[in-house]
Amino acid sequence: MNPTPEKNAPQIGIIMGSQSDLKVMDAASDILEQLGIPFEITIVSAHRTPHRMFEYAENARKKGLKVIIAGAGGAAHLPGMVAALTTLPVIGVPVKSSNSIDGWDSILSILQMPNGVPVATVALNGAGNAGLLAAQILGTTNAVIADALEKYRTIQREKVMRSVEQLHRGDIDVD
Amino acid sequence: MNPTPEKNAPQIGIIMGSQSDLKVMDAASDILEQLGIPFEITIVSAHRTPHRMFEYAENARKKGLKVIIAGAGGAAHLPGMVAALTTLPVIGVPVKSSNSIDGWDSILSILQMPNGVPVATVALNGAGNAGLLAAQILGTTNAVIADALEKYRTIQREKVMRSVEQLHRGDIDVD
Amino acid sequence: MNPTPEKNAPQIGIIMGSQSDLKVMDAASDILEQLGIPFEITIVSAHRTPHRMFEYAENARKKGLKVIIAGAGGAAHLPGMVAALTTLPVIGVPVKSSNSIDGWDSILSILQMPNGVPVATVALNGAGNAGLLAAQILGTTNAVIADALEKYRTIQREKVMRSVEQLHRGDIDVD
Amino acid sequence: MNPTPEKNAPQIGIIMGSQSDLKVMDAASDILEQLGIPFEITIVSAHRTPHRMFEYAENARKKGLKVIIAGAGGAAHLPGMVAALTTLPVIGVPVKSSNSIDGWDSILSILQMPNGVPVATVALNGAGNAGLLAAQILGTTNAVIADALEKYRTIQREKVMRSVEQLHRGDIDVD
Amino acid sequence: MNPTPEKNAPQIGIIMGSQSDLKVMDAASDILEQLGIPFEITIVSAHRTPHRMFEYAENARKKGLKVIIAGAGGAAHLPGMVAALTTLPVIGVPVKSSNSIDGWDSILSILQMPNGVPVATVALNGAGNAGLLAAQILGTTNAVIADALEKYRTIQREKVMRSVEQLHRGDIDVD
Amino acid sequence: MNPTPEKNAPQIGIIMGSQSDLKVMDAASDILEQLGIPFEITIVSAHRTPHRMFEYAENARKKGLKVIIAGAGGAAHLPGMVAALTTLPVIGVPVKSSNSIDGWDSILSILQMPNGVPVATVALNGAGNAGLLAAQILGTTNAVIADALEKYRTIQREKVMRSVEQLHRGDIDVD
Amino acid sequence: MNPTPEKNAPQIGIIMGSQSDLKVMDAASDILEQLGIPFEITIVSAHRTPHRMFEYAENARKKGLKVIIAGAGGAAHLPGMVAALTTLPVIGVPVKSSNSIDGWDSILSILQMPNGVPVATVALNGAGNAGLLAAQILGTTNAVIADALEKYRTIQREKVMRSVEQLHRGDIDVD
Amino acid sequence: MNPTPEKNAPQIGIIMGSQSDLKVMDAASDILEQLGIPFEITIVSAHRTPHRMFEYAENARKKGLKVIIAGAGGAAHLPGMVAALTTLPVIGVPVKSSNSIDGWDSILSILQMPNGVPVATVALNGAGNAGLLAAQILGTTNAVIADALEKYRTIQREKVMRSVEQLHRGDIDVD
């Protein structure tokens, strides 16, 4: 079901501020793998490796990336700074990291970008949705991905319907 | 500077929950006009016209839209419900409307979507950035739009530099 | 003590956005069972099964439901969307689900409905109170239920008085 | 269009903690007047007239009221205390009064009722919706009111559609 | 060290909304015991035993109480309602109970009382400080209690100084 | 109606962190004047006059004060520091000053005192209630003040009843 | 009173994200002028001029700056990114700009820096305090500045004492 | 690598309000030890040892301290009061202590200092960054410390790069 059989070059770049964000951000790679979209994943710290961040963001379009998914927690500057250095769409994932105040800092420092430099922010720890959103962006011009997304929706719907049946049969154990 | 001279069919749909959101959402149409991207704009209320919302969302891809920008305030269900009814990317604009608690309800009810149905949320009242993000999405495969976005960035940068010069000359009146 | 001996058709519909909400929402069915009020319970996801939600809400009155109790968490659109699709009273239960920010998103996206489409919101995870409120609504015209509710109050009061006695006797172990 | 032509006894009691709440709470009486539902309106302060509150709540069902709408701001105890003293449904309207912290105190002290004593809370300053919710409760057994509510929805929908037309004609002045 | 040797009638009344508040409120009785001030302790629920609350508050001064300490959580109406029914000073203890949103509801519904009916609010779960404050109130006219409070302060200060010495000796194990 | 005719020495000390707090704190002196309780009022800044604060707090009991009312805004340290330097009851008034974030900083930095040093906190800008609370504290042993407080309550109640009559006569203009 | 008469090279760099921040940030230059400390002031936007920010931060120490004061609002990345690019102390001023949610985003995105890259954050809109803090940093090794700061404190204290006298004379008009 | 080989007198004073803060504040001493900067560490409680706090703050400059790091939680007055009593730079560490409401009280009561008395606030529990900031302040005039800080940055950067390599090799276990 690989929607881009001719080239395996990554189309999505997944970056995160710290190794500890990986357990959240892994949901983005999972979904892209499920959808057969080639991606790359690495660690880019806005504060500890600022030059690396500059290079990553400024080279992203040249090397063929179409969307960047950036996750960070606390005073999370990675998504917004990358967005300032490229005109590719940047999806920000606020991570509820150990140094975050219940996620509020992560959300606000990613979401509240000034005019001129948007970040497409998803829910707290919503890396899976970031992966889906990246796929939806590719799906605006790639019919194979668009189809894969429709199928994914169908699977979700069917999963709900199976829960419905279980509940009606009394097969769900609440405790 | 129209990047899609051959067809004038709208590529972006801008919708909002209420006529009163127009003064915020107009910034999205402004930016798309500046970038020469054809769009349509209308009012779709999740709560007062739910069937209209269903039809709008389900027909969006068929009629050629590539991205939907949806703005709403308070318990803002429009962006998330539209996102549930299409696999096009949906950009949510939390509006600080008169019935909103300083915008917190608008932000949280748009941003905090469950797994499987992302909304690309921008800053509170950030309709201009929603327009730019929509353009960036088109720009992933449309070089003319990508170029227009680079130019827009240059203009922003030059504007800052003019402020710098004014400040250094002592030409800015603080009060 | 069944207040509607002649018909066992459900008068209350309990719905929730996800199977994982069941452990919270079960308190609503418990209270209705205690009060002898027939109800139905199922899963209806606003975002994963939007058509099912439409049908459920639009058929609710026809099939004899008098009140709908809807629980959801995060960007919780189910109660408000159902309320937009029926003129039956809809009671919203904000669920502190795993993807919620301490329940604030659940509360605000259920409570802050725009003019014209009310949702009767109860406390965070307050499904038991949703069940009682539904009974109180039936009790406005059903004397048997009204009596059952008075008895329930008496039982609550007596429970407090037993705690009082235990405390005065020194029978409560604090730790 | 009076749905209860045979009796003019008030079916809804609207109470508020202070005269200054009247400018918010008046929206509840407006909607009930529009729907032709007889109501009474008065001031009952939980903190300055606690005995009056007790009497009001305890006599409400006897004198024929079916629903109580109670609005208050700050540490808003009126809705919850009235709910403790009657088994009629109580609708709470959090008022953003001058002594409130942006409405958060009003909302939380009305919404977060303990198990056993529900308050049907509506949006901050949402007195109009409180009136509609009261009508919906009556409408569960009163077909005339149920019809009036459907008509009210139609009018709302048509109002949106007129805005749509105005916007498409370019007749809306944003500034 | 009993400051009121001639009479053992309780001078402070400690009440709480629920048996589950006892593990927090017990710190108030502890401190009063340490200071040798006679008190009574019981459960009074604003919502489940409203008449009991009325009687308790209205009889408090007559039966010799000088200060009431009232603890409650969630939509915590007990301290404010008691304060409305007596002119004795009422100290409110916001309890972070299981049905509270991180204590914010408890704090705001106790603290934000309207003009005319004050509640002396202490920190979240601050029942020990409520006990001290009650003692300080008695200490305004009772020199024995005033002295006991000075001694308590000295003990606190000495405890800090012992920590200082331990830290300087390297005797504190951080982990 | 002066409850302490024999001595006019101030019994209550009202202090505030800045001259700009006076427009809020004046409500405390108003109420004490109404109740005929002698008080003193001055400015004591924790941060700009720390030695003055030390002297004020440490001399308060000696010079005959029974209660201190302290108002401050932002990082409001005055009430808590004064409470650390005297065992008199200290009533804290969180002021919504121009450098405060909607009053949240004022409230939390006054309310959340550590174990051992209570501050009796009243509502945001609740200086009038601080005055009443101070009177209630005196009223625990002074029957004249206790009577004056009962009369004050009666006046409040009668004021509400006059509003009730006005509303029933239709004499209140909402707009 | 210039503490560094021999060289007029700026020792403090004041930067801000936007021209609109100038009306807040000007308080920093005011205080440095009062204290006779040479400084430079300019606009550096993290998002619109990221390369300028890199150059500014990386050259700061070389060109003789000792402290950088950086103000920004909303998703305020300037202070933290500058701090990532220099080991000079960076003082962050959260600005309550028009695109900020009551300043919460500005505060959290400046304050909540990860381990390894501190920003010395001052109060919302606290640019004057940022100027003082910069002077205090210079004053750790510059006795002239240390003296100037002591004098500044004396002036503040005297200002409070004049308010005290005015209040005691009854010369302050509250309204 | 001791930057001040000639004298071992402490240059940084680390203080905290309570022994229980030590497990957070220890990160400050760790970093100063790593950087070879002599410091002292002790417990100073604003509320339980106010005189000790006064003496500590007023003697700090005389005894050779250059920077004070002060950590406290809840209504955290220590950093601000110390800052009021010295013109040395004071770095405030908001501690998420057991009596704190998720750290919000700690942050706001340290950060929101009034004009004239700054506190350099770092992130919640950010004692390590407080140590670094203190070193940066010394590093403005001490080249050895400035070099040590650059080396520390290099080590941080290299640590990120090692994570990058691990991730690329697939050596990071997410779960």
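In this document, chain identifiers A, B, C, D, E, F, G and H correspond to the written order of the chains, with residue numbering beginning at 1 in each.
In this text, contacts are C-beta pairs under 8 Å (C-beta built on N, C-alpha and C of every residue); 3 or more make two chains touch, one makes a residue touch a chain.
Small disclaimer: the values here were computed from a predicted structure and weren't measured.
Peer 1: Provide the labels of all chains in contact with chain A and in contact with chain G.
Peer 2: Looking at chain G and chain A together, the chains touching each of them are B, H.
Peer 1: Could you find the chain whose CA centre sits the greatest distance from that of chain D?
Peer 2: H
Peer 1: Rounded to a whole Å, what is the gap between the Cα centroids of chain C and chain H?
Peer 2: 50
Peer 1: For chain D versus chain E, what separation do you get between their C-alpha means, in angstrom?
Peer 2: A distance of 36 Å separates the two centres.
Peer 1: Give the residues of chain D touching no fewer than two other chains, as numbers and ranges.
Peer 2: 18, 48, 74-75, 99, 101-102, 104, 107, 111-117, 119, 123-124, 126, 153, 156 - these are the residues of chain D that touch more than one other chain.
Peer 1: Which pairs of chains touch one another in this structure?
Peer 2: A-B, A-C, A-G, A-H, B-C, B-D, B-G, C-D, C-E, D-E, D-F, E-F, E-H, F-G, F-H, G-H
Peer 1: Give every residue of chain D touching chain E within the complex, in rising order.
Peer 2: So the residues of chain D in touch with chain E come to 17-18, 46-48, 50, 54, 74-77, 80-81, 83-85, 99-101, 104-105, 108-117, 119.
Peer 1: State the interface residues of chain G toward chain B in the complex, per the touch definition above.
Peer 2: 18-19, 22-23, 26, 41-43, 45, 48-49, 52, 74-75, 99, 101-102
Peer 1: In the complex, go through chain A and note every residue touching chain B.
Peer 2: Contact set of chain A toward chain B: 61, 66-67, 87-89, 91, 107, 111-124, 126, 128-130, 132-133, 136-141, 146, 149-150, 152-153, 156.
Peer 1: Considering the complex alone, what residue numbers of chain C touch chain E?
Peer 2: The contact residues of chain C facing chain E are 102-104, 107, 123-126, 153, 156-157, 159-161, 163-164, 166-168, 172, 174-175.
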